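Each structure below appears as structure tokens.
Here chain A shows up in two complexes: once beside chain B, once beside chain C.
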Partner chain A sequence: MNDKRKMFIYGGIIGLIGALLLKFGNPGNMGICVACFYRDIAGALGLHRAEIVQYIRPEIIGFILGAFIISIANGDFKSRGGSSPLIRFFLGFFLVIGALVFLGCPLRMILRLANGDLNALIGLLGYLVGIFIGIQFLKRGYTLGRNIEQPKFSGYIMPIVAIVLLIFLIVKPDFIFFSEEGPGSMRAPILLSLILGMIVGGILQKSRICTAGSFRDIMLIKDYHFFWGILGIFVVNLIANLILNFDTFNLGFENQPVAHPVHIWNFMGMVLTGICSVLLGGCPVRQTILASEGDADAGITVLGITIGAAFAHNFGLASSPKGVTNNGKVAVIIGIIVVLVIAYSVVKEANLKNKQKKEGVRNA
Partner chain B sequence: MDDVYCVVTFHVTQHALIFEKAMKEAQYPIKLMPVPRQVSSSCGTAAKIPCDKKEEILNLCKEKALPIEGFYRIEHKKKKYWF
Partner chain C sequence: MPNVIDARGRSCPEPVIMTKNAMESNPSEPIQVLVDAHVAVENIKRFAKGKGYKVEVEENAGEYTLNIRK
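Showing the complex of A and B:
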């Protein structure tokens, strides 16, 4: 089977699972949303107290365990880390703030679009602009540095966290919060979410599909390998929604579930998310998969995403169907400035080091 | 897709772009692509090069001090693995 078709099928399975999770109870156009799901988990752990978005999403547990198992099975699991962890934490932090102003990670953006929500088209434009900006830094030598081997146990931490979350989800101790209304109360059955999540995790580990990587490769090296996966997600999700979720299919900008029609901030939020995704080397779902196969840097990024999501609600930054908050607008602007300063300083330092190295060789 | 091809990998994306420019100037038929799945589970950028030009290209890299990470020979097996 040729690579394009294989990637399309891998993506297609994820698109189908997105439609199934929507059908079986997840919130509107949120069959899968990595940013929203980490936000829900942050809420369930009491890191924020927005009562309508608190739930330990079994899909995330599934992504981690599925990717972990497949990476062990095919020998990809490798405990590694040490590549600018604190920068990655804050890139993850601001990535999710952009995503929660838009209301969705890049993967949900595709699923929203595939159920007729045209606001996601504005988000996609912003995401592409963000990726384009990020690429300008890559071209000029941006790098967060090489990772090195870490103690093996480091790689097992994320799967262990996933197991602990699963125990909390099943046992429901008093200190875990579960929404009784709103998006946090809308859930596909636990076992179904967990199993489908594991399939998604396994496929993403195997295929390496990444929303940011696919658009980055098109712009940077004119390669469409990963884009076929994204196309698979969109096309199959669209078809599956028309069959399974036809009553929710709504083409237009208004009255979309868990979304708002404020174009400029849908755009700007995803610009921020796009820049962060390229600077991190992957969108939130890709970070989750890497974290599950032993990458401690991606693990730190996931923590940044979770904490950022908690702050997004504590500080009133996250949007809602009512619209965008003033705090959210300010946070997106600050976020864009901060990540550009980070990227600029990294590039400047890298070039300075290169120059010194070359001069050193010349003088030798 | 060819059954056998070779790739050069890089630590930094910019190095791939510098490599591409240098190789095009030297008129080697190379193409940038995502790192093949067989090499790594990462999704960085690699350069596909003809295997018979390996020595020439590696010498040119040394001469011009082009930073590269590794060199791999990729063979597509007939058997298809799904998982």
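Showing the complex of A and C:
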């Protein structure tokens, strides 16, 4: 089959599943949202106490298990790690703060747009600007260094964590919190979420679709391969929403579910998320998939995202439909400065090393 | 002698950028790229073919050698 068509279909299945999860009970325009779902899991584990956003989202468990199984089947599974883990942790940390000021990961941004929420268009502009900024560092030699092979067990940790979360979800011990109202209480049935999540995880693993990668490759090497996947997500989600979720389809900026119309901070939040995604080599959903196929660096990033999401609520950084908080604005500015400093120092060091290497060769 | 680029252990999209830089510095010179992830093989292959290069892939114990030439 034609490569573009294949990517479009892969993306289309994800778009369809996004609409189905919305239809069967997930919060508004949140059929899938990686940032929101990690935030809900952080809340369920008691890492933050925002009572309206606490739930162990079966979709995340599904993403991890689906990607793990497919990666074993096609030979991509490989236990690896050791490429600047602490930098990755903090890039993940700030990535999710940007996403929670905007209110959604880049994938939810596409789903929001496909349900008429034009605030997501402002977010998309910010994301593109962030990706463009990140690329400038890539072009100048940005690298987080090589990963190396890790003990096999390291690669099994994420799938084991997913199983433990599944047990918590089913058994619901006293120390686990589930929202009784608000977005955290809106959920598609567990089994449906889990199975659809596994399908999404499998498809994302096989297709390697990444929201940041798709736009990055267009800007960097004029390659539209992954963009066809993103287009598939958008187009099929839009069509499926018009059929399945027509009542909630709302074209405009105002009164959008789990969103706010503060343009400048929708934009700035996604600038931060875009820069972090490029510096990490992939958006949150791609990091989740990589973590599931043995990449310990992506695993650390996922932990950074989860902890960052907890802080976003503990420190009052996350936005709400009421708008953006002052703390959130300050955090986005600090986040942008921190990640730019990280990127700049990494590039400077890499170029110094290259120069020394060349001089060493000349002197030899 | 081809220009050898060791992109093993590099995360996405570094292997492609390293290949791109090598092509731009000397477009007609053959390039040999070493990688250790299948996704990097796919990305480099797609990129190099798009630029009109021929790509041959050899696999050896989870590591790949891509021979790229005009």
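A few points about this structure:
Throughout what follows, the second predicted complex is superposed on the first by the 364 of 364 C-alpha atoms of A that agree within 3 Å, B and C clash if a C-alpha of one lies under 4 Å from a C-alpha of the other, contacts with A are read in each partner's own complex, and residues count from 1 in each chain.
The working rule: a contact is a pair of C-beta atoms (placed from the backbone, for glycine too) under 8 Å apart; a residue touches a chain by one contact, two chains touch by 3 or more.
Everything numeric here is computed off the predicted structure, so don't read it as measured data.
In the model built by aligning both structures on chain A, chain B clashes with chain C. Of the two partner chains, neither chain B nor chain C is touched by A:N255. Counting the residues of chain A that each partner touches, chain B and chain C differ, and the larger count belongs to B. Contacts of A:G213 after superposition: both chain B and chain C are touched. Shared-chain residue A:R80: touches chain C; no touch with chain B.
When the shared chain is aligned, no partner comes close enough to touch A:Q356: not chain B, not chain C. When the two structures are aligned on the shared chain, A:R140 is found in touch with chain B, with no touch to chain C.
Of the two partner chains placed around the shared chain by superposition, neither chain B nor chain C is touched by A:S345.
Of the two partner chains placed around the shared chain by superposition, chain B is the only one that A:N2 touches, whereas chain C remains out of contact.
When the shared chain is aligned, chain B and chain C each come close enough to touch A:I221.
Looking at chain A, you'll find residues 74, 76, 138-139, 143, 146, 208, 213, 217, 220-221, 223, 225, 281-282 touch chain B in one structure and chain C in the other. Chain A makes touch with chain B in their complex at residues 1-3, 70-71, 73-74, 76, 138-143, 146, 202, 205-206, 208, 210, 213, 217, 220-221, 223, 225-226, 281-282, 286, 290, 293, 350, 358, 361. Of all the residues in chain A, the ones that touch chain C in their complex are 74-76, 78, 80, 83, 138-139, 143-148, 208, 213, 216-217, 220-221, 223, 225, 281-282, 297. Chain contact summary for the complex, chain C toward chain A: residues 8-14, 16-17, 20, 36-39, 42, 46-47, 50, 62. Of all the residues in chain B, the ones that touch chain A in their complex are 1, 11-14, 16-17, 32-34, 37, 41-45, 65, 80, 83.
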